[in-house]
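Each remark here refers to the structure printed beneath this line.
Labels A, B, C and D are assigned to the chains in the order they are written; within every chain, residues are numbered from 1.
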Amino acid sequence: MIIVLKEKTLSKQVKDLVNLLSQTGCQTSIFQENGRRYLRLNGCTICEAEEYVKDFNCIESMVFSPYPFEMASRSFKKKKTEFLVKKVRIGGSKIVMAAGPCAVEDRETLFRIARDVKSAGADILRGGAYKPRSSPYSFQGLEKEGLKILSEVGSLVDMPVITEVIDQYSIETVASYSDIIQVGARNMQNFRLLKELGQVRNPVLLKRGMSATIEEWLMAAEYILAEGNGKVILCERGIRTFEKYTRNTLDLSAVPVASGLSHLPVFVDPSHGTGRWKYVKPMSMASLAAGADGLVVEVHVTPEKALCDGEQSLLPEKFAEMMSSLKKVALTLDRTL
Amino acid sequence: MIIVLKEKTLSKQVKDLVNLLSQTGCQTSIFQENGRRYLRLNGCTICEAEEYVKDFNCIESMVFSPYPFEMASRSFKKKKTEFLVKKVRIGGSKIVMAAGPCAVEDRETLFRIARDVKSAGADILRGGAYKPRSSPYSFQGLEKEGLKILSEVGSLVDMPVITEVIDQYSIETVASYSDIIQVGARNMQNFRLLKELGQVRNPVLLKRGMSATIEEWLMAAEYILAEGNGKVILCERGIRTFEKYTRNTLDLSAVPVASGLSHLPVFVDPSHGTGRWKYVKPMSMASLAAGADGLVVEVHVTPEKALCDGEQSLLPEKFAEMMSSLKKVALTLDRTL
Amino acid sequence: MIIVLKEKTLSKQVKDLVNLLSQTGCQTSIFQENGRRYLRLNGCTICEAEEYVKDFNCIESMVFSPYPFEMASRSFKKKKTEFLVKKVRIGGSKIVMAAGPCAVEDRETLFRIARDVKSAGADILRGGAYKPRSSPYSFQGLEKEGLKILSEVGSLVDMPVITEVIDQYSIETVASYSDIIQVGARNMQNFRLLKELGQVRNPVLLKRGMSATIEEWLMAAEYILAEGNGKVILCERGIRTFEKYTRNTLDLSAVPVASGLSHLPVFVDPSHGTGRWKYVKPMSMASLAAGADGLVVEVHVTPEKALCDGEQSLLPEKFAEMMSSLKKVALTLDRTL
Amino acid sequence: MIIVLKEKTLSKQVKDLVNLLSQTGCQTSIFQENGRRYLRLNGCTICEAEEYVKDFNCIESMVFSPYPFEMASRSFKKKKTEFLVKKVRIGGSKIVMAAGPCAVEDRETLFRIARDVKSAGADILRGGAYKPRSSPYSFQGLEKEGLKILSEVGSLVDMPVITEVIDQYSIETVASYSDIIQVGARNMQNFRLLKELGQVRNPVLLKRGMSATIEEWLMAAEYILAEGNGKVILCERGIRTFEKYTRNTLDLSAVPVASGLSHLPVFVDPSHGTGRWKYVKPMSMASLAAGADGLVVEVHVTPEKALCDGEQSLLPEKFAEMMSSLKKVALTLDRTL
């Protein structure tokens, strides 16, 4: 249960309220978002809580979620969360397109890709600097050098950038070079990482874990929200099933389900979701039609030479062609791209 | 490997060819589709077969499929399979909409639903007469009585009808009342049923099994095709995974994958795929955008009283509203609905 | 809810009871097992039913199951179901071993295998005559000819036999040649087949479907029980998951779970469960330790030439060696083999 | 490919070899285990490598793995890995039993549990101090305080202890209090954590990820081995499937499969694997019979009051009873417990 405090509530009043509640055996935690304070209660029923606080006039409302996630739920916030990343609005009626290579390989290649996706209409440049790989012997990314290249190329083409963080050590570094921080599927339940990302200012794109239920995914978002970072983007990227013709099974129903349960913007990554470039266009079209607020797509100028995920990367010309089809679909949905 | 025989090949020539091949240890089976004859070979390599038959001038072409399915593959037939069910064209540029209740309950209810979905633009009327149910104690359908009602109401509203067959005994009866015969997910690998459906004239809508790979699904279609019935419609209806917020996980990637591998039309059933009526519209939109050739949707006038699947049935007014959105999406895809 | 009638209840009394109950809106169905009659009620609460029938003195007890299956549940029958197949006792303290080839290939081969498994201590001879195969072009079994060979060889070595039935048409034939009738994983929800098997006298071994929950499996058994055939053996044979090193994922927890929920004997098929002969011994050992009442194992004299499933078939000498290890494990469990 | 260097190889010789190999474009990395040095090669074929190094007499052997894991494979080390944790031998013929509560709750409770499991024959005391929980609002463990209690109680009852590490920050602390360090299922692909654990001296128990293939699990072990820590224990704890009667699906086939592919000891956690205390005994029995080298079992004096996982915790008396049954099974396997 969450108590929403009135805007001008004094710290003294909050303290009194917390004291009172803790005397009743009800645990509380305070958090703040956009200058407003909230109290989360644990260990008491709604009826009890309402009884306890009825004489406090600093309370604006009390929110109860029928789900285990609270701050991520539509009960807490009815309107879709919207925010700006540089000039790009996330969660608005314009559908957001993030595109770029699996990994930052070198400055030249990234620049060529960035220029191409930008001119085709992409909003955000993606590229991995730290790569979580199944094998310790595979290419692990250019790390800090990759971050620098990404940031520099992003500035050159005037696009905000997104890249993945794979441990707590490098959060600060990644946060200083990248506009949005991505949490990969394998780290979706790395709770320490999530908690620390709750304390940075950068928006976080949270990929759904390979075998995570939608509820666990929203609980992972809750970890970030509960620490005070409200700028979380959910990203469906396929779940693991028995099917072999695709790398993962893209669970597009997760888009309307998560959008119904939560106010957080929902993106889709059809590149990892299918693992084959030729299915990226139809599944991008489908993602938009299912209600996605954005897409993350892998593009490479020479997919056959890419250091990772070449099989699922689109050539820039295919990407451009896809963009023009996607724009038409967006219009029928009363959105733009 | 399949040998396509020239149109005017004499039976004598076919016989000679079969004899020759069997002497080499190569097994053959003959089948016929649209008046043309084919020979399927087993147990010899392409090179051997080419050598054996090189002097026969009744051979038009030889087809080799890189997949275990042959007649269902694009190697065998490059163009999408198209056919008419009464006046409704399946597999053409017009996307086909089948709608109706989970089960035929009574004449009045079915007629009201039929009239409503017809006026909203549906092409085909669906309704179950034989219901495969997990529990022996649940409503099992009106059986033959249901078939009669379905057929009669279909005539009244001038729509072809589709219903499920659940065993071999009733194939003949179902075939005489229903324009299209549906094979449910639980029967996708009921191979005897498939073989017998290969010998009827009605088109067959083949639902994907709950845990069937796309390859197994196409092999199930092969069973029907190999017996001479080329009018098979594939229908994705969700696979079983760990996710709970939806009844099944609708695998929309199966649409472009199956359409790439096979010439058979691909439909989607978003009602079973999601199990919740409120996700039917977004997933129907997504199905079209992913390239589906048709949809099968459950509609009921009083879902809360439906004898089965009420939770996933749309009210007629919701269905009509969905149809107008779907028509707009179809147009951006250069198709109609 | 099930009403257990006293042994000497007259038909007239049953009729009166049914009439009374149907007047109250409560649906009833009568079934008989081992000469005793039962009434299953649908559509009334326990309290109502108890009220209605309180004046009838032909009622021995009323059974309510907290699960959707009733006759298959431990609430209905506390003691493990036991029965004889020729001289072999199923469900007793002796663990039962069924062994033999995937398919009956010819008389000689089957006889050699039968003699070998018999002398190693197997109780029942298995062999497929009708084979459900993913591909219409694969070997489909010797059919009736195979049944005859199986039955004949079984007599020669004095072992009861088990084989699979794959459609309703052949139930009668299979029932006349085979002591136990097997329902394969793909047919676990072929409800018509189950209903008809409820009317034969042969015991039925019901394999768990590839993606069936334990509850669905018990409901499938319920279909057979509800028609009057109480001799059902449950058989776990692996479920479909993402893991590749094994053909299926053998879910051994299903053994204690099903044994806890149901009185039916539970067997395990480690051959299909793993798909590799070298894992058959450890998983057979584990099956016993988990509480299995029997095993079904594939054995072949020349696995590399077997017409199906050679990869998962044990050589007779490996089988014999496994048997001696299994016997030791059985003893520690206070059972024999 | 791995080059095993002779025991007395001089650093100079190693340097020359590395230089030569790198001139040919072949990447090398050196690692050391038990005082012996190895070279891992990347980017050249076996033939090339053999040609390059043929004149070097410091080479003892060259090892090629047919799998993506190399150091974890049986090709690299034929014999099962054995090591001591205090006086407990892991990987030997004695099966190792780790037992204790899900979480360390307080000194008294832990001491009572420890004394009980010790007297029933357990070898290692388990207890969580850092708990990864789906919800940010659930009990997260006593953290450092919990470590102290665990270590102290371990000393009192003279048992080595095991606890989970959930991030890199706390590795050093955990390593100083706990004899064995556990990596939980959710962190199985937290590659940074694995790399750092490759540099500690403590053995690492690596749980299989919820949706990890056996190959990915062994690759995760490879991350630790490749950094120089050879004391890795694999632990199967159930994978995620559609089945609901158990919390996870314990994949016992993973025991013989992993034991065949790798020389690392394989443990099983039947408590998480089933999620219900009453299935812990049968699945423990089955684990031993399948060839497990050890078990990790949750035990609590008051399961109904446990701060986590009470449903799957055994009472000490049930644990003791289970131990005596397990001992008998161990003997039939020519092992002890």
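One rule holds for everything that comes next: a residue touches a chain if its C-beta (ideal position, glycine included) is under 8 Å from a C-beta of that chain, and two chains touch if they have at least 3 such contacts.
Bear in mind the structure is a predicted one, so any value in this text is a computation, not a measurement.
J.: Could you see whether A-B or A-C has the larger number of C-beta contact pairs?
T.: When the contacts at A-B and A-C are counted, A-B has more.
J.: Would you indicate which option in C-D, B-D or A-D repeats the interface seen between B-C, with over half of the contact pairs matching by residue number?
T.: Among C-D, B-D or A-D, the interface that shares over half of its contact pairs with B-C is A-D.
J.: Between subunit A and subunit D, what distance separates the C-alpha centroids? Give it in angstrom.
T.: 33
J.: How far is the middle of subunit A from the middle of subunit B, if each middle is the mean of its Cα atoms, in Å?
T.: 38
J.: How many angstrom lie between the centres of subunit A and subunit C, each centre taken as the mean Cα position?
T.: 49
J.: What positions in subunit A touch 2 or more of the other chains?
T.: Within subunit A, residues 211, 240-242 contact more than one other chain.
J.: Mind pulling up the subunit D residues that touch subunit A in the complex?
T.: Those residues of subunit D that touch subunit A are 40, 42, 68, 132-137, 166-169, 186-187, 189-193, 195, 210-211, 216, 219, 222-223, 226, 240.
J.: List the residues on subunit C that touch subunit A in their complex, please.
T.: 240-242
J.: With touch defined as at the start, can you tell me which subunit A residues reach subunit B in the complex?
T.: 211, 213-215, 239, 241-246, 249-257, 260-261, 273-274, 278-279, 282-283, 285-291, 325, 328-329, 331-333
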